[in-house]
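What follows is a pair of complexes built around chain A, which joins chain B in one and chain C in the other.
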Partner chain A sequence: MYDQPALEKKLDNDTIKIAASGVQVYYGEAHAIKDVNVQIQDKTVTAFIGPSGCGKSTFLRTLNRMNDTIDICRVEGKILLDGEDIYDPRVDPVQLRAKVGMVFQKPNPFPKSIYDNVAYGPRIHGLAKNKADLDEIVEKALRRGAIWNEVKDRLHAPGTGLSGGQQQRLCIARAVATEPEVLLMDEPCSALDPIATSQVEELIDELRTNYSVVIVTHSMQQAARVSQKTAFFHLGNLVEFGDTSQIFTNPKDPRTESYITGRIG
Partner chain B sequence: MPASWIFLIVVVLAAIGYVLARGRALASAQGDSRHLHSLPSYYGMNAALLTAIPALILLGLWLIAQPVFVEKRAEAFIPADAYESAGQLSLMMSDVHRIAAGLDAAVAQGVLTEAAVTRLSAADDVRGQLGKVGVALGSDVDAAELEAARSFRSLSHTGDLIRDGLVVLLALAGFGWALKQTNKDFRARNAVEKVIKGLLVLAASLAILTTVGIVLSLLFNTVEFFKLYPAKDFFFGLTWSPSFGGGSELGILPLLWGTLYISLIALLVAVPLGLFAAIYLSEYASPAIRGIAKPLIEVLAGIPTIVYGLFALVTIGPLLMKAFGEQGGLGWMAGGTAVMTAGLAMGIMLIPFVSSLSDDIINAVPQSLRDGSLGLGATKSETIKQVVLPAALPGIVGAVLLAASRAIGETMIVVMGAGAAAKLSLNPFDAMTTVTAKIVSQLTGDADFASPEALVAFSLGMSLFVITLALNIFALWIVRKYREQYE
Partner chain C sequence: MTDATQFGAEAPKPKTSILELDKRTRKRNAAETRFRYYGMAAVAVGVIFLVVLLGTIVRNGIPAFTQTYITLNVELPAAKLDKKGNRDPAEIAKVTTFGYNGIISDALVTALKDNGVQSDMKDADLRKMLSSSAAAQIRDAVLADPSIIGTTQSFRLLASSRVDGYLKGRVTRESLARDKNLDAAHLDIVDQLQKAGVVSRSFNWSFIFGADASESRPEQAGIGVSMLGSLFMMLVVLCLSLPIGVAASIYLEEFAPKNRFTDLIEVNISNLAAVPSIVFGILGLAVFIQFVHLPQSAPLVGGLVLTLMTLPTIIISTRAALKAVPPSIRDAALGVGASKMQAVFHHVLPLAMPGILTGTIIGLAQALGETAPLLLIGMIGYIASTPPDGIISGFLSPNSAMPAQIYEWAKRADPAYYERAWGGIIILLIFLMTMNIIAIILRRRFERRW
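Here is the complex of A and B:
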């Protein structure tokens, strides 16, 4: 029924990259995330699945404090990145986001050239010593984004002129260019066709060798294909978290089973 | 019968048509409106529109055409050697109008009979007789004028009669035709909607035609001006010194310089302030502050420009004098009215214009771009500087150009704040004047309308119109070009 999970590749690293404990998120009065505990491993793809409105995107956005931009949003609990609390008042959310990159649901290239899109992060964080250095960073990022061959001859054409799938890979390249340690992806393939989706999925598998990747997805097949760990959210609760193969073949919670067999959601 | 009566008759006919056609349609469906093609009121509307619209259009056209025709015929009675210029003829013709009106009044009051009017000759004391019925004439009536007035009267009367008859006939024809059409299968709704659509098109084209008319009237007078005054001296002349006695120099350059200088200062004030206000309001302000501050800034846009002029005159001017005038020790400024005074006031006037347009444009930048930038670890300020503003820039440029064309067309602030001297000077504390202010001064007062000194106002207006039009088109082009960028 499902594609074979990508479990054959042995997880290289068992260190815990992000540890969340007792996380509560409120939007004004609404209690969006209820007491979530989850540990995300380094060099692993972790998938968040669940029906719409279950809080998986909200939880993803707490991991790099993107929720700070929403006035009415309030986060409680502890989220540790490499053992440091990211909600500590001494932490600068701007620096945190440089370490925890994010790719969004809809491709959102800036209205700049392809080159400038990718160079944006390195320029802001001063990662390049000179022009040649920056060129190298951009090329490396575009290669990692699996889009170099398509755009190498038109680096100075506007990024908005690319197709949807190319735009999304450009956005991934842009996120990779700042050398993050964790990459958060919020339904990165929901606006893409099947071919572009499979390209992006291959890319995610590639990225796993360097980063810890957290992906929110609506497609259970996609979760099964790309992830090693899966977390199932329902109504703001983390229902079940475990190895992808176990979640899809032998779920412990009846709600998880109902969801993956298509009875709820 | 006066035209207003005819109008009333047509309207009453239309109302009767509405009631009759509605009843007829219902009767043809045996009183059950479900058997009708359209709702009963559509049948009524159809009859009312068919009765009123053609008749009213005819009435309107007739009211415009008849005076022109009658005037031409009456003019023919005035011998060509009795006047020297078109102006003199029009003076005589206004006498003729008064005589005709006087004769009408005399007949109405019973002082003269119709037969007596036809027997009247220039030898009779026409002036005295008309004086008795309350129509005072400036001079005695000569034979030609009397003849013209009589012909004017009779032609007008005949014309009015034919008009009344035709209009009522047309209304009745429409009335009858509509009633004949009306039965349960007639598609009244489609017919009515077609007419409504026609009326909408008419409204839209009237607005456009008016614009064309304005341009044409400017254009004809401009051409008239260039017949009297060489275009080269107008466009390239460095001196503006009109004198109605003749021998005036009418160069546009000093005025254009004043206009551009004042506009430039106004934009230097308005663009940074407006833009920063817009950035604060759209990116940083909390909803509560935004809710208070935005309407407050927009109140500035509702202040009449004459009030800004007063503000310039009584507040800004004296303040500048204190700082840059004799009192301040610098002595750059000779009087309170100066380019700087008007420019500052105009700048304040333009702030809400720039800020509310820019605010809309900045808000139109998709949130996903901001998220993308923040997600890469950019600060809010970096995001605004490097993503939001570049994305909004073409729109902001468009807003600035629109503000510029308002600044160029502004009059009252300049009249009150900048002085009246047309000067080519670089000193922003000098008094200067603008194209608009000079249009006002050339056309007000008792100027001879055929002299270049008065006609120059039209070519000034035309030049201004072309400049602002070009700016607006440029601005719209930029705004439109940028719209495609996110999609």
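Here is the complex of A and C:
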């Protein structure tokens, strides 16, 4: 079981949640991801950094098969979630995405009420037996999304009426409401102001107790602040992967060093 | 770098003031002002055309909504209507409308005498003031209730179309000079009877709800039955084109693979929207009537043909509405583990609904006003004189449609029919406007929800 947050505050970082080996991604003829091998640990925040167009978002989207929605996209290699290949033909991507949730770059709440936004996932996955159950799930998710106190009095107001930072936290709450095991975040703070960013970052740190979080970010400071592991992508290659402290203080690869010191990017 | 060195040696720019307009700016501003005037002129021309069009329609069509009636006290002598005196309906029915003409003439003569109108006109000529439907009207009343035989009843009988036209200003004494149906002398009588209140004009409900009449009785013709024809046609169009169109667009937009074949389908749908409607008419004739053997002139067939015509409109507007839904909504739904179908039906479709509804209603309005395809399946030229007696016969028995009815009236020689055609156009326009208003209201409603 992965859901024993209170008891096991001490993190068992050694469990490998996602293991990717030899992953190649093609967009038509373009070779977007070249032979990436990476192991993402459970209850850890892993940051993907790299210059624009280096493939970090593409790689993130392969982890819950969101790339399936793009016709010309082709993925090769193996990505194991708890030892099971997610590209196995028997896997239904819908079921996979319930386990591997995703938060997007731009806050994208449904144009429905705050309550319905969060309740949507549990509803379609049948997680709640009745209304009271659902209310509880929604409250729990909104609390985890660190937005409960702000919206508890207006759960039936439209989600699109919130501020950008609140919307993004609502989206995070929506993602955790389905009880995923992994949470993928694609530049979750790029559309937010510094205050909202710091709120979301705090939230990410809290989420680590329950989930394995993978975050794509443009901001190296953010990667340094929130992550324990960092992967540096460049031109579709995974250049370096290691402990965040090591990547930022003692990078092994000269390209990593150039990037984090601001010479390429 | 090279650019800078190449142009670096240029002479310093002359000092200019921003308070003065230079030549280029003046020219640019002049062009902009000109363009604005072009735009205003274009809008003005459009508005003028619209005003003239609507003004003409209303001016020509309004008279159709009133009708002249002559109120007569008709004596119904048993000696003429029920010779044997046994009130047997079969016996009474033997008296044709011809037999009632004498009664009507007598009633007219009495009316003239009562109101002090002097006339030396023959009875048969006098009767020309009345519609030829008057005899049938009295006969129907007698057949419906034989007990009125032997009494004197008050009847509101339709005046002939020329008397009606005289009251509306369409017919004058001069224009009657070569008319063998009515003389100037009739008009003198009409003038006096109008003063006495025997001849009067009132609102013409039977124009809106009544049935079409034969060529010689324009005063009796109404658009009601063909309105029903249009209604049944629109039901067919709505029930077929909305589900088929929306399903097709959702599939093409959200699920279909993008390949040569779907590209071909896409191009063809766009082309179909531009196909002349008469082509759909001949297709309907060949397929629905000659091959499937559906009844001719039936609203069902009309509806099927118009469905074919409306589908491209609905598909194109639905696809545009689906495309306009931001992809982030789809991502959000897929991201929480919704299936593609759930994403479409729970999120994309509700957001696209206003656009879909607008497209559908505009498609329906287009179909409602369509005339050409009806020509080929026999809905034009059919005299819609009997209303359908049920829902099934509404779909299957021959009928006309509003635009077909208007065309039919415009084709007929009597100027009274010309007036009816304009009146029909007013009714059709009211329907179209109502539909468009409904579209706007629905769109507002749906938008407010989000």
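Here is the rule we use: the second predicted complex is superposed on the first by the 253 of 265 C-alpha atoms of A that agree within 3 Å, B and C clash if a C-alpha of one lies under 4 Å from a C-alpha of the other, contacts with A are read in each partner's own complex, and residues count from 1 in each chain.
By our rule, a residue touches a chain if its C-beta (ideal position, glycine included) is under 8 Å from a C-beta of that chain, and two chains touch if they have at least 3 such contacts.
Everything numeric here is computed off the predicted structure, so don't read it as measured data.
A.B. asks: Identify whether chain B and chain C fit side by side or clash on chain A in the overlaid structures.
C.D. replies: clash
A.B. asks: In the superposed arrangement, which partner chain does A:V200 touch: chain B (first), chain C (second), both, or neither?
C.D. replies: Once the two structures are laid over each other on A, A:V200 reaches no partner at all.
A.B. asks: Looking at the overlay, does A:V25 come into contact with chain B only (first), chain C only (second), both, or neither?
C.D. replies: neither
A.B. asks: Could you say whether A:G121 touches chain B, chain C, both of them, or neither, answering first, second, both or neither?
C.D. replies: both
A.B. asks: Which of the two partners, first being chain B and second being chain C, lies in contact with A:P111: first, second, both, or neither?
C.D. replies: A:P111 contacts both chain B and chain C.
A.B. asks: Classify the contacts of A:L134 with the two partner chains as first (chain B alone), second (chain C alone), both, or neither.
C.D. replies: It touches nothing on chain B or chain C.
A.B. asks: Going by the contact rule set out at the top, does A:T178 touch chain B (first), chain C (second), both, or neither?
C.D. replies: Both: A:T178 reaches chain B and chain C.
A.B. asks: Pick from 3-11, 57-65, 147-155 or 183-191: which stretch of chain C gets in the way of chain B?
C.D. replies: With the two structures superposed, the offending stretch of chain C is 57-65.
A.B. asks: Just to be sure I follow: which residues of chain A are touched by chain B in one complex and then by chain C in the other one?
C.D. replies: Common interface on chain A, chain B vs chain C: 64, 66, 69, 71, 94-95, 97-98, 101-104, 106, 108-112, 120-121, 124-125, 160, 171, 174-175, 178.
A.B. asks: Name, in rising order, each residue of chain C that touches chain A in their complex.
C.D. replies: Counting only chain C, the residues touching chain A are 257-258, 326, 328-339, 342, 346-347, 351, 450.
A.B. asks: Any idea which chain A residues touch chain B in the complex?
C.D. replies: 64, 66, 69, 71, 94-99, 101-104, 106, 108-112, 120-121, 124-125, 160, 171, 174-175, 178
A.B. asks: Would you tell me which residues of chain B are touching chain A in their complex?
C.D. replies: Touching chain A: residues 286-287, 366, 368-379, 382, 386-387, 390-391, 485-486 of chain B.
A.B. asks: Which bits of chain A are touching chain C when the two form their complex?
C.D. replies: Touch residues, chain A against chain C: 64, 66, 69, 71, 94-95, 97-98, 101-104, 106, 108-112, 120-121, 124-125, 158, 160, 171, 174-175, 177-178.
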